[in-house]
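You will see chain A twice below: alongside chain B first, and alongside chain C after that.
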Partner chain A sequence: MPTQPPLPPLLAPYVSSLPPSSLIVLSTVLGAQGNWLTLRYLYAALNASLTSDAALSFGEGHNRKKQKVVLVSFLRGWEFWRAEAKRLGLDLARLTDKRQFAFVDGLSELFAGPRTTPTPSTPQTTTQTTPPSLAPSPRGGPVPQRTILPNRSAPSPIPARGPAVAAPAPFAPVAPSAPPAAPASREVGPVKRLHLSGKGPAALDRLEKDIAAVVGHLNGRAAASAEGEDDSEVLLVLDQPDLLLAATGPGKEIGATEMTEWVMGLQQYVHATVMTLAADLPLIHNASAAGHQMPTPLETEHAAFAIGSAHRAHLVMQLRDLDTGAARDVSGVLRVSKGGAWGQSDNTDANGNWEEKEALYFVQRDGGVNVFGRGE
Partner chain B sequence: MSFRKRNIGLSTGGDRTASVNASAGLQQATSTAAAAAAPETTPGVRPSPDDGRPTTSTGTPSLDNILAGHGGLPIGKTLLVEENGTTDFAGALLRYYAAEGVVQDHRVHVVGMPEQWGRSLPGLIGPADAVDDKQDKRKGERMKIAWRYERLGEFGAGIAGSRATSGDQSQPTADGSPDKRPAFCHAFDLTKRLTHPSITNLNYIPLTPSKEPLFTTIHKRLDAAIASSPPNTVHRIVIPSLLNPTIYPFESSQPDSVLPFLHSLRALLNTPGVRATAMITIPLSLFPRASGLVRWMELISDGVIELCPFPHSADALATSGAATSHEEPPQGMLKTHRLPVLHERGGGSDQNVGQDWAFTLSRRRFEIKPFSLPPAEGDKEGQDGAVSGNMPKKADLEF
Partner chain C sequence: MAPTNTSHRQTHNLLLISKLLSLRDTASPLALVLDSLEQPATPLIKEYIRRAKLSKVHITFVAFETLKPLEGVDAFVAARKKSPLEIIKAVNEAYPNVSTSGPSRRRLILIDAINPLLHARRTDAQFNVSSFLSSFLMPHGPPTASKVEASLVVTFHQDVPSPPLPSPYTPSPLSMLTYLATTIIRLHSFSHIMAQKAARDRSLVPPVFGLEEELDGVLLGRLDKPIGNETAQGVVLELEHRRKSGRGVLEWYILPPASRYPPQYAKEIVTLLDDHPLYRPPEEPDFGAGEEEPESTFELRLTDRQRRDREGVVLPYFDAQQGDGPGEGGRILYDMGEEDDFDEEEDEI
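Showing the complex of A and B:
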């Protein structure tokens, strides 16, 4: 099997040049996770050389805008995305620095709140809170140095650059709800951490505000950089927001309706939205009447949210296990189908590139992906 | 400089070369992280042969081997072990995991179990490969050329424990005295009790009712225990029989109670600077896989394996399932639904994916091996006939 480019040709039309205000739903299952596909969306948007290529090959070379990405991840941390993107040749830390990419961390403090750790007695926490330039000062042997090494690539912009020090200042007025000083000082780079507090739509509103602040931050920088506004479009990637729904449930007054409204609210701020959802059998089919036992609220709400999102989406990319069982040279099946909002967008030339299809994919050890038709 | 791993080139231009050679860039990134997080001297932690990330042993060599080529459980990952029926094979796996932690001087946190549980950990026999006869045989046949690959684990089976073998190669003392290099995985005897100086270091987190939600308390205590320990400590979080109603109160099995806990646990393990792994077991008979709750627990975990013990009525099948009379019959099937790291990346390219696994628990080990179907039951008389000498003589077969 020949190696395919980072963006396999079969996949390219679906991940690049998304129509405005579109919603793409990636549905995944336990054995077929969609992180590689999410990364392909990041790659298509952020890799500068590729965007010009794609524009040429699809004959829509007219004023292709610079794309920026906000990645909101609820199940995976910054370290995972940074390492995996690096395998694709994307340096997320550098892109963050260039205000083309922003990571919103929905894992670290979503439920637990900030770690209760800062006991200054341990050298580990002190080195983490101090800027890297000061890190060598607590000489505790090689140990503290080792603990800060993994962070090295991300926080380096903070002390290194002049303007970045001033970054929290314009950031704070946009997000009044966020405690401005605390995250900025102990963050790994300008990573925003979400924290769910309170109940119901109000809690979601706070999350929305935080994410919107990050989006506004990216946009605001672009506008200030002299080209004038509207020179960039932001792609919002929501990685498994359904966790919010599953982990809160009716007890916290968050249901499918609230989640749908939340996602719609977020869509307003950005050019296009990509959302990954779990679509495992129990989460979708238990809710239907055919089931022989009472569905739990978790199952009904999840099914309602997932199916509702698919109806609102322009495109649904389904990943699933191979029907015939696991294989060594096939990771899973990718099915591209039209969502409920197919063809509703004004920009039809992108839709012209899209057709429903089913293909197999294989994720190699080195991170490369082959997408191919059956029998190829 | 001294913190740099030996197998990394001098160039620090990972960022620049990354677009050209993405995999090399990653290799550098992960291995610098590995070198940072796991100095080679930490007992019980070694870099994965696959991508160099630090891994630690589950205490069961054959379980280490099926974890997607990493030869162990990567640091920062959770393993969810599900078990059908009323047996406690998963509990045995947990005990090995905890005992391995005790022997390696890792900090072991046990959630929801009395101290009795810690006293019943299986007794130490020795390094895992010392117990294995086959390993001994292999030692004699070792190819000298491949010495530098050998420490990375053997192709196919036997990834775990190879580090220890290479250790005594590097110290070829004639009298065969135990080498200085610590073993990665140990063998334990379920019928004995573990006596080890650090067994008193087990941290028990009881489930005491309080004003806070139960799981919030557990998480806070775990967090505090990990934060207050020295920075290089390796932690093991053991959560036996999660949600079991004899241990956990009824309301803890609500999704809005247990899922945030697992999510926070995942966040805790992913915190930079924290070196911990977790192993959780859950009784599937009470919480079937077909329910949305369990599916979400699986989605939040990094690795999911399911144990399906054979019912007793299948003993006949199990006996005939052994290929030879010397092998012990399998006691159940093991399914890997999700493997750490591999599935997170997209899955599929592991040589072990799609295998049918059977497991055997004996006094001394929990062994996982490929399952092979026994010969058809109806063919008994044919087999008997073959044994009793009705086979054609050699002369009859010659032309």
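Showing the complex of A and C:
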């Protein structure tokens, strides 16, 4: 089989040149994971900024701005993303040093107490007023297990706690109010770890502040370097934030509305947002199928969050299994649909030249992806 | 009867939708727009804004899930992280409280989605949808000289599941809203309506789309160009309007896509769904077809001579009515033709 281009041509219009302040929802199911598509978004943004010649090949490349990416991952660690991106030819560690990329780890220490910090010498800056009893969250026990399941495609399960990569200091204090242009803050390592503390919207606000600090850090250098094109665009990739919803739930006063508002808050800091969500049948339909049984709070909240996000999205990329069963040369079906917010602004530039489409895709052993129409 | 009915519907119901969308005479203070992922409310909201701009109505947009203001909106109130009371306050402040000398001004308040508010944990048990919505229509502030006629358009996503109710006796938010609303507009995608109609015309089960398919991983089923149906664009509005008298009006309309007409176009663009060339009532083509005899390999028509002969036949019961006595009536009278053979055993008379 011939080697595939990193960005399949059918996919290129949907992953590059995202309209401003747009939200793209990427829905996945257990059998059809969206890691490869998330990586294609990273590639489209970062590779184009690596070599400006490549940007021209995408058409309308002349007015492309520099793109930076903040990846907030709730289910997979830094090692996983670094290894997967390497197969595409992206060196995330180097891009982190160049401040074109930042990784926010929402997995390792989201519920960990302060003592489990892997590098105890560096102080954790997030306010840790949590009583340690909150961390294991006994009542949320079965719930996160259910969401962690899709982790199976990771080469090593939860690798993010390993020693941080080539960066000099794994992480340095990033106070939310730290002046981003200060030279001291250059030593921010590849991984910023989120820590959930407290309850309800206030806890989400703290997470939002942490992520905003990372975004501001990326932006800050562009402003300080005083180049001609300092208005770089930051693409925020939220990888499965539904873990937060599943792991906290009504007991911590976090519901679909709070999550939606949290995402809206994050959207304000960045140019465009890509969010992956699980759209498995039980998570979406148990809440609406009336009469079978009482839906659990998780089912209701997840369905409300996922469907509500699709209403807010400009584009919904839906991955699912092949309807006719597993096949050797097809991994799944990709359906691109316009979301509820599509067409809100009148100028056609902001809407992009997207058209709805359904295609098959195949993830090869080497990580290359082939996207093709039915029967091609 | 049918043609007069259609023309009556055309005149009256088109007038009604034009009044409702253009917010004339405060025909409907609270319009509830029920949309779904298959047909979002965005085209209808933009049509409301377009018409309000034409008639210079002040537009306030209450955004629960929109980040950037839509074009043409006068005031944009971000409702994110606000309590209902704060939203009411912000909306009331958004209206320029100038006691203009002119007649009572009109204002339009659009709520992009009421679902987040109904879902939010910050809304406590005391929160009441009806009082929340009515406080927009009747502000509690000091009675100003110029009365403001406010119209409220609330969008509700039908497919977002509702949170569990606090008590089994409280009505669901949707039933509360449908009870309060004076106008309910349900949105459908025209291509889906066409596909369902085509199935019904063949007595097939109408297809469902998107979430209703209940397929794993499918949130949206909409595709731009369903095969062979390229012109089926537009939004179908299923309107239910409650008049002041209490009588309800039900009608189906179609709103063409915004690219089909200029933004300043003042004439009515909404038409009845039945008048759309792609959606005709199924009886019409059958009228013409009824005139012709079905073709057959048999000659079923009669010649004149055959008809005369048939009329001349006296059927047995006519004879029986003359009452010549028992056993006399009811005989079969038969005049032998030339070609008949006389058979003694059978044809004894």
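Everything below uses one rule, namely that the second predicted complex is superposed on the first by the 272 of 376 C-alpha atoms of A that agree within 3 Å, B and C clash if a C-alpha of one lies under 4 Å from a C-alpha of the other, contacts with A are read in each partner's own complex, and residues count from 1 in each chain.
We take it that a residue touches a chain if its C-beta (ideal position, glycine included) is under 8 Å from a C-beta of that chain, and two chains touch if they have at least 3 such contacts.
Keep in mind that what you see is a predicted model, and the values were worked out from it rather than measured.
K.L.:
Check the residue A:D280 against both partner chains and state whether it touches chain B (first), chain C (second), both, or neither.
P.N.:
both
K.L.:
Who contacts more of chain A, chain B or chain C?
P.N.:
Touching more of chain A: B.
K.L.:
Could you look at A:G216 and tell me whether it touches chain B, chain C, both or neither (first, second, both, neither)?
P.N.:
Neither partner.
K.L.:
Mind working out whether A:G200 is in touch with chain B, chain C, both or neither, as first, second, both or neither?
P.N.:
second
K.L.:
Name the contact category of A:H311: first (chain B only), second (chain C only), both, or neither.
P.N.:
Second partner only, chain C.
K.L.:
Of the partners chain B and chain C, which touch A:P13 in the superposed model: first, second, both, neither?
P.N.:
A:P13 sits against neither chain B nor chain C.
K.L.:
Now for A:A32: first (chain B), second (chain C), both, or neither, which partner does it touch?
P.N.:
After superposing on A, A:A32 lies in contact with both chain B and chain C.
K.L.:
Just to be sure I read the superposition right, which of the two partners does A:E358 touch: chain B = first, chain C = second, or both, or neither?
P.N.:
After superposing on A, A:E358 lies in contact with chain C but is clear of chain B.
K.L.:
Could you say whether A:G77 touches chain B, chain C, both of them, or neither, answering first, second, both or neither?
P.N.:
First partner only.
K.L.:
Enumerate the residues of chain A that count as touching chain B in its complex and touching chain C in the other.
P.N.:
Overlap of chain B and chain C footprints on chain A: residues 31-32, 280-281, 295, 297.
K.L.:
Where on chain A is chain C touching in the complex?
P.N.:
Touching chain C: residues 21, 27-29, 31-32, 200-201, 250, 253-258, 260-261, 264-265, 267-268, 279-281, 284-285, 287-289, 294-295, 297, 300, 303-304, 306-308, 310-312, 316, 318-321, 323, 335, 337-346, 355-358 of chain A.
K.L.:
In their complex, what parts of chain C are in touch with chain A?
P.N.:
Within the complex, chain C touches chain A at residues 35, 37, 40-43, 46, 65-68, 70-71, 80-81, 113, 115-117, 119-122, 157, 159-164, 211, 214-225.
K.L.:
Touching chain B in the complex: which residues of chain A?
P.N.:
For chain A paired with chain B, touching residues are 6, 30-33, 35-36, 75-77, 79-80, 82-84, 86-89, 91, 94, 107-112, 115-117, 119, 122-125, 128, 142-151, 153, 188, 240, 243, 246-249, 251-252, 278, 280-283, 286, 295-299, 302, 325-332, 361-367, 369.
K.L.:
Quick check: in the complex, which residue numbers of chain B touch chain A?
P.N.:
Touching chain A: residues 2-3, 14-15, 18-20, 22-23, 25-26, 29-30, 32-33, 35-37, 39, 50, 219-220, 223-224, 227-228, 230-232, 254-256, 259-261, 263-264, 266-268, 270-273, 289-296, 298-300, 304, 337-338, 343-351, 353-354 of chain B.
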